[in-house]
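Each of the two complexes below includes chain A, the first together with chain B, the second together with chain C.
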Partner chain A sequence: MTRKRIVVALAGNPNSGKSTIFNDLTGAHQHVGNYPGVTVEKKEGACRHDGREITVVDLPGTYSLSAYSIEELVARNVIIDEKPDVVVDIVDASNLERNLYLAVQIMELGVPLVLAFNMSDVARARGIEFDLEKLSRFLGAPIVPTVGHKGKGTKELLDAVVAAATRKTAQDMPNIDYGREVEEEILKIAAALQTEASSADARHVRWLAVKLLEGDKNVREKVSRTVQEITEKSESHLAKIFGDPAEIIITDRRYGFISGACQEAVRSTVEARHTMSDRIDAVATSRVLGLPIFLGLMYLVFHLTFTLGDPPMGWIEKFFGWLGGVLETWWPKGSESILKSLLVDGIIGGVGGVIVFLPNILLLFLAIAILEDSGYMARAAFIMDRLMHKIGLHGKSFIPMLLGFGCSVPAIMATRTLENQRDRLTTMLVTPLISCGARLPIYALIIPAFFPGRLHAPMLWTIYIIGIVLAIVSAKVLRTTIFRGESTPFVMELPPYRIPTLKGILLHMWERGWLYLKKAGTVILGISILLWGMTNFPKKQTFDRDYETQTRQAEAACLDDVRGLNSKFGLATGSDILVRAIQAELDMAAEQKKHHETEPGFAEAAKRKDAAIEALGRQDGGDRLMKFLEVRQAIRDARAAFDGAVLEKKLVEGTPGYFAARSGCDAALANLQKAEPEVYAAAIRYLDNIRSSFEGAAEDVAKARQAEELAYTISGRIGHALEPILKPLGFDWKIGTALIGAFAAKEVFVAQMGIVYSVGEADEKSEALREKLKADYSPLIAFCIMLFCLTSAPCMATIAITRRESNSWGWALFQLGALTVLAYVLTLCVFQLGSILGIG
Partner chain B sequence: MAADKRNRTMATTMESVSASLEDYLEAIFHIVAEKQAARPKDISGRLGVNNSSVTGALKLLSEKGLVNYSPYDLITLTREGKTVAEDVVRRHEALRDFFENVLAVSRPDAEDAACRMEHSVSRNILNRFIDFTEFVEVCPRGGTKWIAGFGYYCEHGSRRANCERCISRCLDEVRGKKPEEKGAPRMSISLKDLKPGQKSRIVKVGAHGGINKRIAEMGMTRGTLIEIERVAPLGDPIEIKVKGYHLSLRKEEAEGILVEVV
Partner chain C sequence: MMNKHLPGAASTPRSGAHGAKPLAMVEAGKRVRLKAIQSGRELQARLAAMGLTPGIEIEVIRNQSGGPCIVAVRGSRIMLGRGMAHGIIVG
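Then we have the complex of A and B:
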């Protein structure tokens, strides 16, 4: 019995330093989860003291236990239902009266209570002196002074907890005297309650009666009609006497009790003066500087997130590239193994693509944690509330929406700071309309393809503005329809500024970053595999066109051209040594495609080619052939040296460095030409005409094959099936297929378009893709594509995070559906109207 | 009809008399009323202008047939001049009374404003001013106390919250009860109307919606001393210092909180 595990619930006001104490007590032994059914975070930890196992449950930070918000209800239910052995209330000693309001309510619940007077050093510095013994007697609970961020008082707190948990006799807790009139009504209600449930103990019955009088809906639902009627009668009776509702009278009396206690046991020796925090606020929230400072800080957050995040993003990308490369060597080169494709393209490609954002996201969370822990977040809400209130949201909604410009995923995670569920859901649902960074490649591909230079910037700006306007309008619509209701009051504490502790912000950052990683490992993994399957299956076995023959035809045409070179540099017209040499090269390339460079087969192919050429060199005219090959190699080397220099030193055309490299290359070529003008001319002709046109033809064949394969797969078929629906928007099946890819991640749209248009690995700078797009679509359709991508179904990561944060698939699917419908209707209107007006 | 016609003739006469000439006519009218006839010196003294401008104005007025004037002679108003002058005076008085009695403006300010407005207000509007002044004094929903309330309103701005108190006081009076008055009656005003830096004591927390309790629970209970710290840069939420910490409220939430300035 005495060795029993002690369960401690940690209660306290927001900003009372509760999480610091929680971290002090439990160290790294924490478990973060959610309370069932709600999105309130549940943190649990464990520690040992005096040889006893102690479980610490961190309750959500609340000002009261009135069930005003979900957090308060959760905190109260844990105390009542889970019956912790001890409740520790963390009290900010420098802000005693308001903090004691919660303590008094816990005291009324009659559970063993220990008070931790946190930040007692701050209080002392402000000249506040406590008579702890007296206060402890008034409140019926032991008081331990602590200094959370220095870890002081933790041991004493645990001593008090163990003592309270093992006490034999019940703690003697005082009742608050609510005054004659109120007490009479409490007695009446309590009597009615007692007759109905005689087993309940007196203290709990009194608590229920007080809560009923306070108009607590949660308690009221649980009592009988008779009790409800008695309560209503009492309420109106009290309202007549005092002219105020009973709930206000009761709150008044509780504060009266507190200030009575404080008057006797707390002494302030120094006149209240302006604290450091006040002085910071005089600047940071001033009418003139408040806004510029806020905007500057936001800019800084963005800037740091994306600039500091860049290098580690590169490392992660490299790592996944390397990992993919290593995995690939497990299979023979060019293998069409499904498992390899799944691992490399599906899993590493998909999950890697999400994890790449981890540095950005961690940095963003770091910045948010600093803003939050320092107390600036409340000021940001204070400054922006006027604007956000206009669209029915709370000032705190601004931060998530701003983050939406970077990435919707951390933006939606940042809605956690919103207390009201309606506000939170509204913000979550509209955030994807804010154009995120991943959509930029789409605009970057399309705008230069369809619009003249002077319209580039205005076009991009228009798209972003459309996103913002849509978000605002949608928020307003949501708040007046589905999420109708009183807008959340802005009754918010502006806590004093504090220097955040390193441990605190790192923990904050890590908790959220971990959630993101977990998501990448589960939902995104699943969807990546699904999308991979959709773009790879079913595999086409027989192709409409015979690509093999086409490749061979291209090869034959190339060799024919090569034969024509014979006479150009003094080789007999009928000689086939040049053709055979080129043939040997092509054979080697084909052979090498089947092997990794590290495999013996790779080197063997090269050896075979060398041997073949050497044999040819000994034949008639062999010296001319060798000369040709030598000159050709020299030209290639000179050009490669130039390209290498440009790439390595990042030379730009027109600069002296570029000019120097250029002239070096030209001089080398001129020397070659002077020495062997005929051979040089033939080699140049080979390289620039014959070889390059062959490579182009071979590539075209490969791409056509890829496109045909894609059209055959599920996503290609879906694209085709969607065509009738997409037609009114001006879209064809190619866009439809690319849109399915865009669901994986918005930027995939560009790559997918590249595959469909068989231009190989396309990125947003691909001129070839732009040309093809221009041939197929009008500027109006191009605008519609951008509009659709901006508005439509957010990427799967966003859907997954909405599901997580809203704790329901319903809202995630609603977001998916509503945004898609919105995109469809909007694009339909724009395209049809534009067509009628003859634009584009 | 007749009145209309008269108005029209008046209007045409008035148009031909400029604003400053009207001032001369008015001055002459008052001087004549006191001394039977006026001298240029009297006029210049009353209007605070120099003699030469008086001579010029008199010449103009006599050309319009409004005054009998020849150099070195006493000045009187012609019949037409008297009508115009009487009209100006009437307008002046009506405006002044309205300013003073209804709008609760001080006498000198009322005179001053009337002087400047009398020239431009049309007769129709003027009649409405006069009618409204009478209506306010007579109507049971108005009355002199109500007018006094307007003066208070002008000084302190709009606040709904006081209505309850005012109406109950009004009912008390109707029922013949004397309103309880302890020394100077201290009107409680809405927290929303306090300026940054002002300290006050909470009288009642009566905001609309269900947030009363929330506000009270944050320590804003009756009798608590609070201080307005600042208004947000965009002008809406306000920051209040209460029980030693800082709380922010929107103005719409602060509206229902009644306070007494201390």
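Then we have the complex of A and C:
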């Protein structure tokens, strides 16, 4: 016989230890994806045993194989359509009766079956004894006791798998006797099926007949009208006899079969499975303490995720900063290389922006894995259900929404804990409305610019509350429209509390972290490059204004002012040595801009300047000039020493340390002033007026040039093109352009506004930017900006992750579209209403 | 073995006399027998798969007004939403 690959499918109830055994079997050789078209996670792995290659497919955890949930349907279709060589059912041996219900259904399918009696340690501790041989005969499948988290029984399980896969004759699988009346109907339906289908074997036909009687929609759709009619007749016949629908009777008989088998082959001292768990639950789910405990744990999760994650985030940021710096030295300084810009601004900026969240994400999933594996997650759902029920969701949806305050990306990934598709999509779609951390810089920029101090905190709260209310209302709306349907009934098992294993939670954490890196990373990389292109191209060649002349004019004005200093400290009014010295300095600065510090050109420029000044020093009035330069340097040094001390020792104004540093600096300056009052006055005037205003002017010119370049690029043009649409919201093209940047990542909004407004190095603390904003917009518009940023198009990382998690571009684009429309309509109403009422 | 009530009998208003009432009305700590599940086939099947079949004995572990309730059935703890607890008739 050919030694082909064995394909094994793992089935089992949720919490039976399926993941643990899957991880134990396959180790690191795993592949996680989604089943096509649905959000059900598909895990595959491989291992070797006895020289045989074995592929292990992890089926979703289910209680049954009916077609009532996607998970069950997926599990069933894999078994029927993909025909694995062996199905392994992981059974929680400490809760046998309920777990065997699934085993019996797989047995009825007639596929080669191996039962793993997992949690056999727990079962033994409870004093449960099994007659495995007898049970095995009842169920028509070999049974292997295992202890998942200790790896016990794995080898024997694989032995049984290989034996089952290589057995030549099909094993004699027992049938369940459904009782005379039901069996008669099964025979009738089977006969009808047999005449139609040509090749189906008897066992499969019987299975189909049972499924039809159970009212299985999926099977019913696939059979002919005649068979459907016969089934309906049988159903009403049985309903008349028993007074219950057929599926109730069938289920009942299955459990009857199981109890029969257990009565003969299982001896149990007492049912004590939950004593410890129940005791914990008496506190953890109690009316009084349940909520405080839950909130405390949630606070801890938050703390772990967003505080402990901070230092590694800093390291990653530094690393990418360093990497960008290194790459930059490959090109001459100030070069306009497109490749450099793409690498540094586009790729490193974009990818770095994603990877920087990795510590957060890993920590978050670590916390979630602990909560899940210990069994607490189910209790959290219990506690929050009462509140969440009011918006048409279940308790479980609360956790992702809470995480949304940190970042929407891990929050949307956390919706994986929701097994119901409608709940999951609803939660996924509304989560971006919860104001995430990246939106805070926008509020931090705008609120102080437009609102008086006493309104700062209330304003911020208002924005956050609006987000929460919008999320709640949207969830409710989604549940009554697109995701309508009887509010999915809430049924969930509370697994007994268990101490999670380190390996288990680390694997859980890594699995999800890796997915984030891999999939979201590739999509985000693509979009970053696209956005980079949009804000950089097309390049403007000829500018509307002559920025070079403007720079030169600013320089000339500066030198003019410098000439005015001559008479102030004893130089002849007509002397040009000071002007020439300053000119030499400016030339050096201009030259040095073209070189990295390590390049020879950098030092040469400095040398040239020094030589020029030395020559000037030998000229008439040279001693005065040297005095001026000396005093100026001394002032600079004293100020730098003070700034350095404040920065290094983190001195705060008002503290003794700060005062000491301040007075040290003041004393040094006073000494200088006493020695050379005239030169000192001239140097101060130079530093604080002439030089700084020149630098400001030069900066303004550079930023104006940047703004013109930006307006010319695609995103600038889109901003302009959007203006007519944005006008009714009170927004101009500048805001439009910044909003495009905000799509890349919300915090980019602030930087982009800085560029548009020609303000150097804009951040949320920028006073200059605030002044300009105040001049252009009213508080009403400011509020509208915040409202729009809160509600509108979630950032591209969110879209990418929604696409991944929902397994469809449709939902991702729907989210993008719907939230943008919502933002538009809402902002429009607020702005128009506000304008009419004359607010702002 | 199937001591099934007839459809008419189960839904008579006087069924209270036999103690038949929704699970939602049973206090915590009580042991009751499941009589019927008033819901669609889908839900009945789901509950059955989790061990909730007519005739089975269940213990109410927790039952707070307005929230979900927890029952013990066939050795496991099952949480049932409020709406569902109203549709499960026990006696």
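In this section, the second predicted complex is superposed on the first by the 831 of 840 C-alpha atoms of A that agree within 3 Å, B and C clash if a C-alpha of one lies under 4 Å from a C-alpha of the other, contacts with A are read in each partner's own complex, and residues count from 1 in each chain.
Everything below uses one rule, namely that contacts are C-beta pairs under 8 Å (C-beta built on N, C-alpha and C of every residue); 3 or more make two chains touch, one makes a residue touch a chain.
Everything quoted here is computed from the prediction, not taken from an experiment.
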| item | value |
| --- | --- |
| Which superposed partner A:494 touches (first chain B, second chain C, both, neither) | both |
| First, second, both or neither for A:97, with chain B first and chain C second | both |
| Chain B versus chain C as contact partner of A:291, first or second or both or neither | first |
| Which of chain B and chain C A:66 touches, first, second, both or neither | both |
| Contacts on chain A seen with chain B and repeated with chain C across the two complexes | 63-64, 66, 68, 94-98, 101, 214-215, 244-245, 247-248, 251-252, 255-256, 281, 285, 287, 378, 382, 385-386, 389, 395, 486, 489-496 |
| Residues of chain C that touch chain A when the two form their complex | 1-2, 4-7, 39-51, 53-55, 61-62, 64, 66-68, 70, 72, 74-84 |
| List of chain A residues in touch with chain C within their complex | 62-64, 66, 68-69, 94-98, 101-102, 214-215, 242-245, 247-249, 251-252, 255-256, 271, 273-274, 277-278, 281, 285, 287, 378, 381-382, 385-386, 389, 394-395, 486-487, 489-496 |
| Of chain B, residues touching chain A in the complex | 204-206, 209-219, 221-222, 224, 229-237, 239, 243-250, 253 |
| Complex contact set, residues of chain A against chain B | 63-64, 66, 68, 94-98, 101, 214-215, 244-245, 247-248, 251-252, 255-256, 272, 281, 285-288, 290-291, 378, 382-387, 389, 395, 486, 489-496 |
